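Worksheet: the structure to be examined is printed underneath.
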Amino acid sequence: MPDASLLEVFPTPAESPLVIEHVAEEFTSLCPKTGHPDFGTIHIRFQPRPPSAGGVCVELKSLKLYLQGFRNEGIFYEAVTDRIRTDLACAMRPAWLVVETHWRGRGGIRSVVRATHGAAPG
Amino acid sequence: MPDASLLEVFPTPAESPLVIEHVAEEFTSLCPKTGHPDFGTIHIRFQPRPPSAGGVCVELKSLKLYLQGFRNEGIFYEAVTDRIRTDLACAMRPAWLVVETHWRGRGGIRSVVRATHGAAPG
Amino acid sequence: MPDASLLEVFPTPAESPLVIEHVAEEFTSLCPKTGHPDFGTIHIRFQPRPPSAGGVCVELKSLKLYLQGFRNEGIFYEAVTDRIRTDLACAMRPAWLVVETHWRGRGGIRSVVRATHGAAPG
Amino acid sequence: MPDASLLEVFPTPAESPLVIEHVAEEFTSLCPKTGHPDFGTIHIRFQPRPPSAGGVCVELKSLKLYLQGFRNEGIFYEAVTDRIRTDLACAMRPAWLVVETHWRGRGGIRSVVRATHGAAPG
Amino acid sequence: MPDASLLEVFPTPAESPLVIEHVAEEFTSLCPKTGHPDFGTIHIRFQPRPPSAGGVCVELKSLKLYLQGFRNEGIFYEAVTDRIRTDLACAMRPAWLVVETHWRGRGGIRSVVRATHGAAPG
Amino acid sequence: MPDASLLEVFPTPAESPLVIEHVAEEFTSLCPKTGHPDFGTIHIRFQPRPPSAGGVCVELKSLKLYLQGFRNEGIFYEAVTDRIRTDLACAMRPAWLVVETHWRGRGGIRSVVRATHGAAPG
Amino acid sequence: MPDASLLEVFPTPAESPLVIEHVAEEFTSLCPKTGHPDFGTIHIRFQPRPPSAGGVCVELKSLKLYLQGFRNEGIFYEAVTDRIRTDLACAMRPAWLVVETHWRGRGGIRSVVRATHGAAPG
Amino acid sequence: MPDASLLEVFPTPAESPLVIEHVAEEFTSLCPKTGHPDFGTIHIRFQPRPPSAGGVCVELKSLKLYLQGFRNEGIFYEAVTDRIRTDLACAMRPAWLVVETHWRGRGGIRSVVRATHGAAPG
Amino acid sequence: MPDASLLEVFPTPAESPLVIEHVAEEFTSLCPKTGHPDFGTIHIRFQPRPPSAGGVCVELKSLKLYLQGFRNEGIFYEAVTDRIRTDLACAMRPAWLVVETHWRGRGGIRSVVRATHGAAPG
Amino acid sequence: MPDASLLEVFPTPAESPLVIEHVAEEFTSLCPKTGHPDFGTIHIRFQPRPPSAGGVCVELKSLKLYLQGFRNEGIFYEAVTDRIRTDLACAMRPAWLVVETHWRGRGGIRSVVRATHGAAPG
């Protein structure tokens, strides 16, 4: 089960604005209906709050371990996306956050699901 | 004949905003004039209403079966696009919906038709 | 000589908004100075008026025949673009229309000419 | 049912050696197990015998109509490939012939099947 | 544990020579040292013996299920490649077989492992 | 020395708005410090004033000869860009003009310089 | 009508072996059946005989003018290819020559025709 | 240690607005945790103030030497980005500045960090 | 200094023939003349001897650490390539080995150096 | 005038076989007929003789300066290719040498000229 407590953070290293994007190209989970594996790419983009406001950033290795927790979960595309948004929003309380999941798809249909938290730019 | 009653839905899995895109790369119908097959790619992008407002999302396998219903229909590019928009808007009543059909074309001309429902972004 | 009377139209098939793009990748005309052939791609994008306002769309095969009429015309890039804009605007009276011609170029310089009619989006 | 009698031929237009390749990028048939559509690209490459030996080439439009005959056939990848090889070898009796079918695939596996007739080069 | 008994076969559908390639783009196993997931693409290419010699081909869906059996195995790149070669060679006894595994890699190094059975062409 | 008097113009061929882009992919000048050649691509995009306002467009062959005048000039990236902007703005007095120079670079750093004249769009 | 007498030659500039390839990306002729234009790319590759054996190479501008002669000819793919081979073989008497024509195609089928003269390499 | 005093500047060469972008594709530093090398691409985009306002631009060779100073530094992605922003903002006092670092990544996750100074456009 | 003793090996895991390729995309060393960094990609391809002949393969992580040893070495392209060939040939005594180094280059010239050991295939 | 005496060499650094390729992507000369600039890419691939046979390799910076010597020469494609072959064969006396020049072309025709010295591989 993906475990949000794996997510570690560190203080935002600058008062001036930063935008950070992590792209995990090797994501896999299971289809809850068929049990067959799903493969996708996870895009995570956020603006941390500044350190003077207690802002923090997710640590990269802990993010990797957290994402590996979905490997043997039966979970829909939309739920994966919402779950990552919720866990990261809770861990970082960022100014804004976008989670976009791109799925290789099944039966000739590929999908993208985008979830936002806060006032994410276009 | 494409059958809108094939489209199944499930409740939107999160109150926070989601945008979902499905790309069906293996679409075919028939030209109503010549009877020759047309081949294209169908892009469907929408924002479901939240579950608290009764929002629903189209189920992926049912969407696939619905799109296969066009296989032996004689129908123009514009009518395919309008029909998918109408059937999905009716099935999901989404916040907004965009249907874009990209056709491989005939005689050196390829075409794109875009239909929107509700206040779709740029 | 390109003949605008070749352009046939059909009524817009839906009241809800449509945007249509045709890309003719096999266009050729002649340079009026040197007589050498020019090769380019013609992009035509427009929003037809709705059927309730008498809106019409250009028929694809007639568009192809119309564009073939430039084959042995000596005509500059800018004049090709303006001519197609004028003829299509006259035939369809669309909400808006963009004609973009992309030329393979000569002597190491390739060119794009864009002509608009009505309030075309960015 | 695909109908080999649709295939028309014309005499090879030169005594000197020719190699001809036709690539049909819009092929579709049905999976005989599931009934779901399969999509692929068909590569046909051959060396016709010279006209002095009665050599003939397949006519392009008749090839297109012949290939459309698979549209609603339930037939496996290997059988499609073998069938096209057999029908073309029979219609043209070429010096050699290669038929290669590239399938978009199912469940994350895409396939290529290659069938040869006569002494086809590497 | 990957289970070779999952592999089903069917008789080669033609006496004339065929070459078949399956590419599984969604393969994953585990690194036996670190437990971290490895991701790769599996290329399987073979020439089945003709039906008159008892030749058979691997069935596509059974191949997919067999490959999914590596998902939670701790196994090195070379051993994955050798295992698939051995199991397929045993199941099909093909004229020749090539298994090539392409790995996304770790720490800036990506790898390819190629194993052959019988007289595979260059 | 690049000679602005080489630039020839012709009247804008239509009252309706046009946007014109010329891309010269074979530009070379010399680094004024080292004497080594620099290679780049020059993008020129502008909206000519309409003919009723005395609007003119640069003639393509004269533009080519003008750009060849930089071949043996020792001149910095920023000065090339500014010089082309100034000479074209003077020759055409366009509604707006953008000159963008893309340089292949030196020592692992490639550069782009963008100069605008008038109210160029984003 | 394409006029082989337009082809000019110059003596091969070196005794040591040369191989020369010209690729004309802007070729057009007419379909003799429908009168519709065909568009293609012409690849011409040859080894001229050495100057001591009276070897010559085709001059580039004359080749361009010769190829433009097909613009309004109704002629099949195979005949275009054979004609260029014959005319160039006659004009240059090269050690070997390959003419390959790549056609954008019609109705979803694109074609390549390859004609050789002399002992052309693989 | 990266040494900001290496950065040399020259006066902005034109009063009219310029935007300048430098892309350093060969950047490397060290991970402060593991000591392993990180590889990335540094994008620097800015609008210098005009010369009448004392505006200056960074000199390209000095920028290269400055960036080489990170080669053996143990420093996080975010800190590299912030450091380059601070040093360049201090050296040039530009109208605005964007520093974007693209990292090849580790363990299947690649990252982008974007830092802005002043009113950088979207 | 690159240290060949870092290279660890493991027994070839199969008697049947294997070919293994490792591609290290993040290689850097120093130019011995100028001290400036060089960046390249290292391709290593080999056939290990079978285990019955004492065959071994290089371990991936040890290869990575060995290649990092070049980071601050002043060494020419050809010497890097020869050194890696020699060290790997000594460590593995493979049936054959190819080392190919691809360099991003300097001053508009990029280079490839290929060194072989034993009877490497074309 | 290109000056072969600019070419400097250094002893081949290894007895074991090496193959070296240099690709100069920024080459320019002048058309001797029109005076217009030609742009191309020069590929130089060779196997130096071993040091025990007095083998040498061309030094990279001297090669760059030599190639810059063509910048203002009026010279045909074939003569550029032959000249570089002759000068490098003379300077290095390599086991074999291939010079391939790829030209951006004129009037829609691009060219490649290949010259060999010694027993160059296919």
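Read from first to last, the chains carry the letters A, B, C, D, E, F, G, H, I and J; within each, the first residue is number 1.
Here is the rule we use: contacts are C-beta pairs under 8 Å (C-beta built on N, C-alpha and C of every residue); 3 or more make two chains touch, one makes a residue touch a chain.
As the structure is a prediction and not an experimental result, all values here were calculated from the model.
Chemist: Return the chains common to the contact lists of chain C and chain E.
Modeler: Correct list: empty, since no chain touches both.
Chemist: Contact counts by the stated rule: is the higher one at A-B or B-D?
Modeler: Of the two interfaces, A-B and B-D, more C-beta pairs touch across A-B.
Chemist: Centroid of chain E to centroid of chain J, CA atoms only: how many Å?
Modeler: Here the centre of chain J sits 45 Å away from the centre of chain E.
Chemist: Using mean CA coordinates as chain centres, what's the gap between chain H and chain I in Å?
Modeler: The answer is 33 Å.
Chemist: Using mean CA coordinates as chain centres, what's the chain E-chain H distance in Å?
Modeler: Using C-alpha averages as centres, the distance is 47 Å.
Chemist: What whole-Å value do you get for the distance between chain A and chain I if each is reduced to the mean of its CA atoms?
Modeler: 37
Chemist: Of all the residues in chain J, which ones touch at least 2 other chains?
Modeler: 25-26, 36, 39, 104, 106-108
Chemist: Spell out all pairs of chains that touch, sorted by label.
Modeler: Contacting pairs: A-B, A-D, A-E, A-H, B-C, B-D, B-G, C-F, C-G, C-J, D-E, D-G, E-H, E-I, F-H, F-I, F-J, G-J, H-I, I-J.
Chemist: Which part of chain D faces chain B closely enough to touch in the complex?
Modeler: Against chain B, chain D makes touches at 25-26, 28, 36-37, 39, 68, 71-72, 104.
Chemist: Considering only the defined contacts, which chain J positions touch chain I in the complex?
Modeler: Per the stated touch rule, the residues are 12-14, 16-26, 57, 60-61, 63-64, 121.
Chemist: Would you tell me which residues of chain B are touching chain G in their complex?
Modeler: Residues in contact with chain G: 36, 39, 104, 106-108.
Chemist: Using the touch rule from the top, collect the residues of chain B that touch chain C in their complex.
Modeler: Of all residues in chain B, those touching chain C are 76, 78-79, 81-82, 85-86, 105-117, 122.
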